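Each of the next two complexes has chain A plus one other chain: chain B in the first, chain C in the second.
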Partner chain A sequence: MTPTPDPPVLNVVNLRTELVFGAHRVEVVRDVSFSVMRGETLGIVGESGSGKSMTALSIMQVLPRPIGRIHSGEIWLDGRNLVGLSEDQMTTVRGREIGMILQDPHTSLNPVYTVGNQLVEALRLNRTAESRTLKKRAIALLKRVNVADAERRFHAYPHQMSGGMKQRVVGAISLAGAPKVIIADEPTTALDVTIQLQYLQLLEDIQRDTGTAIVFITHDLGIVARLCHRLVVMYAGRIVEEGTVADVFDAPSHPYTTALLNSVPHVDRKVDRLYAIAGQPPTLNEIGEGCSFAPRCPHADDLCRTTRPPRDPGKSGSTDHFASCWKLRDIA
Partner chain B sequence: MLKFLAHRLIHALISLLVITVIVFSLSHLSGNPIDAMLPDDATPQQIEDLTRHLGLDRPILVQYLTFLQNAAVGDFGDSLKWKGQTAAQVVLERMPATLQLGGLALLISVVVAIPLGVLAAVYKNTIFDATATVIALLGQSLPAFWLGIVLMWIFAVTLGWLPTSGHGGLSHMILPAISMAWFQISALTRLTRSAMLEVLDAEYIKLARVKGVREQQVIWKHAFRNAAIVPITYFGVLAGSLLTGSVVIETVFNWPGTGWLAITAIQGRDFPVVQTVVLFFAVLFLLANFVVDVLYALIDPRIRNA
Partner chain C sequence: MTQPILELRNLTRHFDVGTGGMFSARRGLVRAVEDVSLTLEHGQTLALVGESGCGKTTLARMLLRLLPPTSGQVLVDGQDVATLLGSTLRAFRTKVQAVFQDPWASLSPRMKVFDIVAETLVVNERLTKGELTRRVDEALTSVGLRPEQARLYPHEFSGGQRQRIAIASAIIARPKLMILDEPVSALDVSIRSQIMNLFKDIQTEYGCSYVIVAHDLGTTRYMADRIAVMYLGRLVEVAPTDEIFDLPRHPYTEALLSAALPLRPRKDRAEAIQLSGEVPSPMNPPSGCAFHPRCHRVIDGRCSSDIPVSQSIGPAHRVACHLYSG
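And now, the complex of A and B:
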């Protein structure tokens, strides 16, 4: 499905999220803005620790307790700002309007309840369903995510299923409320390669059928190339580059994006992790005034180290391609 | 499930057998019962007769097997102190009083400690959590008998609200039950708190939240059911320490249960009764742990299907 033009179903504006450790605060999401259209898949890419999960948890407002909190910003969902909603109001947003798939299927289902119980719970929370049809609908959902032998699996416990199967169940749970947006936080990282591909295919099918917007968080550019329409690249809590998959892959404009792409041997083929960039992402309280990537960047100079680069049009020349780098125009 | 329980049952029976060996050995180490049973001026002939009558001249293994055989049908001989009653009768008579008191102490511990522990975890690092921690520390640093005496002094002697000691209705049980429960409350609160803290960090708790489950349900349906394994494990220990605790507390409050009986029987060198009390306690303890196993299996499907 091609993305329908405006307005975006989810629009995140200048989001800042911090973790508070006593008198010490660490900003883990720094002025992040992006939007997703109905039927669109947006990739959020970045190394581990760059703030991808914190961004997702901020949108759901289930940040780690009691240390996590949204400092400022707006999260517009279908014209309503979620920031500032009460916990009760957010409870009705979660599951119904935004669904979420977590990373590790082995730990994200409750071990003491059957799959059916957890699925029915999600259906019951999410309006309409009459209680006598709940089981039928749960089984239909299991079939929808290609769980074989759904009637029997309904009564199974998580430990009796494989990782891929469990992740399908988590997918089914996220679909239970027919949400407008599904946030998938590295949903295939824990799966075998073949299972991974099946899972991505499933997400594509679901999106085609329901028109739901997907925010797909990954550190795997191969998956982004295959699945996403647009992507944002995160580094140390900030978005450093954003654009369509075609623009960013053809004309990467931030040295970090370039490094990421170089560390993936065959983007069009299957997948490698991005480890080949020298150095480590900074711990977030080390970040100074300038460009966060400066300590690892081959092009860094004094300006980079002292002043934060502005968001400029990317090298592709497209109107929706941006990068934040002083040397955007200088580096070939 | 049945396989698991059968397995645990066999474990319990083996433990019981070991305990009988210990009880039997102890009764032979702790002085000669003949001395206690006969007057000081007994003739050698009387001593020999009684020794033969009790079978104490036979090989030790035979004596043990006889002991086991008798124990199996609840025959531990006649009480030496309570004339005309068998040891089993003497103990059984006092059992309900101990179970009442222990049961009440258990109830108080669970009803106070579980919610306290859960809330302390949910409101981690708040005033509430700090208060619960202080209560727990206090509980662990006050010996039960001391607390018992203090409570008795305040509520019975000074204020006169409750009876000082003896057997009777609920009013007689309140002070000893609280004294017994006190330490347990603190241990159970801390255990519940740390188990909940761990579970609340789990991914399935995050998933429950993102699917729109209300926080109350997240805590009790999703988190507590998983965390409960820890307090349930402790229940086995709890049952044991309530039984041993009864020895002290029943003596302090002059509560005529088996704990009090144990002390009185030891003072009177009434070996059959002492043996019986110890074995009864052992059986109760094993029973409590078997109940723990059953609860495990009920709560956790991974154990049930193992």
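And now, the complex of A and C:
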């Protein structure tokens, strides 16, 4: 389904999240803003330490306790600001309004309960079905995520299933509350390529049927190209580029995005030598005042190192393509 | 023709496992690797490709003599590794080295980098302290680290640097063959290309051969000269890299490659072949060709009854599929 011009279902505005270690605080999400429409899939791309998972945890408000907290910003879900809601209120948001799929299906299911039991629990908590229909609804959900032989699998324990099937069950649980937004944090990283493709196809089908928005967090640009409508690229806690998948892949405008695209080996053509970005991503307490990518950027000068670059229109010329780079107009 | 660095002859490995729960006497047989024959020439890179459970890690462990084969042979430089003893075994342990996936698990946290890197030489060769230091310095420099970093402990390094330490400890003995088991998949995207380029530079400098196990097809396309595709313990196709990617012949190879996600927005892309179902259990593989229940080009009758024989369909290109058996 194509995105509709309605107001965004999820709108994150100037989000800042920090981890507090005694007197020392580290900002892990630095002034991040983005929005997702109904029926749209937004990719958040970044490496470890880029803040992509912390952004997701901030939206769900399940930051590591007691050190993680939202410093400032707003998270609007369908017209309601989630920042400042009580824990009780958030409990009703999680699962029912925002579903979550995590990376590792082996740890996100409880090993001592059957998958049917866990699905029924999710349905009961979300109060989306009457108690006598719970089992029927659970089996329908298992069928929805293409678990073969759902009636029998309802009674199976997680260890009796393959990784791909477990991840489908996690998907079914996240669907139990018919959420407006599903946040998927690297859900296919632990899966084989052919199973990964089946899973991405499943997410697309679900989105087409329900109109749910998907925020897909990944480091894999191939998945973004396959699945997402738009993407944001994060580096060291900040968004460095955002736009539609076509604009960002065809006209990457931040040197980090360009470097990432050039450093990934292609399956569909032979490359003699890959581009390698020098150095490594900064740890979060070494980030200076200027552009975080400056220490690794071949185009950086004094301005880049000292002053944070503004958010400028990207090279595609589209009105929804932006990059934060001082050298945007200088680099061919 | 010179002798290949590595030759596998009908290599097979079965595992005995219980099937009826913890206290049951029922036994089953997992055919992890079944009748695999392959060769690798000096200075070349061979990639083993396949999904989890296809036997590629079991195969790699047999190459390292960490696991004895049930039947068949592994020949390194023409020598059956199962027959090695004493000094010939020590020579093998320097000649063949490995780099594993996780540099957090593969380096001892209580040893200094110097001792980690020097270990192979300390165990297998008698060198003076000065000579040892020179070799460690040289190995660290080759992988892009500084000699003075030898005094540090692994926890003082990032993931990419740790993998460099693991590589230094593998190349210090100047191996002729290196087994790389998912050598970049635990690293950040921007670090992966650094490490892949490093492997290529080392190969140019030392002339060693690689067997690389990787699930990322882009990585294998970039690194390998030849690709061996495995499915449920059997080799289904072997061919030069470009040939495999441009003209895959086995339906499984075809499906596997089409499941890879190219870096292009979907508007200009061919539809992928979607495989139905999952990889069956290697304990109870389907009859005939193990791939037939998921195959999109299955031939009635034949595929479910006869195991296809591997045959040549071009120079250095072999495939095991009934579509090509006349």
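Structure notes:
Definition applied: the second predicted complex is superposed on the first by the 319 of 332 C-alpha atoms of A that agree within 3 Å, B and C clash if a C-alpha of one lies under 4 Å from a C-alpha of the other, contacts with A are read in each partner's own complex, and residues count from 1 in each chain.
By definition in this document, a residue touches a chain if its C-beta (ideal position, glycine included) is under 8 Å from a C-beta of that chain, and two chains touch if they have at least 3 such contacts.
Nothing here was measured: the structure is a model prediction, and the numbers come from that model.
Using the contact criterion defined above for the overlaid structures, shared-chain residue A:Val112 touches chain B, although it does not reach chain C. Using the contact criterion defined above for the overlaid structures, shared-chain residue A:Ser263 touches chain C, although it does not reach chain B. In the superposition on chain A, A:Leu328 makes contact with neither chain B nor chain C. In the superposition on chain A, A:Ile206 contacts neither chain B nor chain C. Contacts of A:Met165 after superposition: chain C is touched, whereas chain B is not reached.
Applying the stated contact rule after C-alpha superposition, one finds that A:Ile223 touches chain C and leaves chain B untouched.
Contacts of A:Thr194 after superposition: chain C is touched, whereas chain B is not reached. Looking at the shared chain after the overlay, A:Ile44 reaches neither chain B nor chain C. When both complexes are aligned on chain A by C-alpha atoms, no chain A residue touches chain B in the first and chain C in the second.
Residues of chain A touching chain B in their complex: 57, 60, 62, 65-66, 87, 91-96, 98-100, 102-104, 107-114, 121-122, 125-126, 157, 159-160, 170, 173-174, 176-177.
The touching residues of chain A, counted against chain C in their complex, run 47-48, 148, 162-165, 192-198, 201, 219-223, 225-226, 245-246, 249-250, 259-261, 263-268, 270-271, 273-277, 280-281. Within the complex formed with chain A, the residues of chain C that make contact are 51-52, 158, 160-161, 188-194, 196-197, 200, 215-219, 221-222, 241-242, 245, 255-257, 259-267, 272, 274-275, 277-279. Contacts from chain B toward chain A in the complex involve residues 124-125, 200, 202-204, 206-215, 222, 225-226, 299-302, 305.
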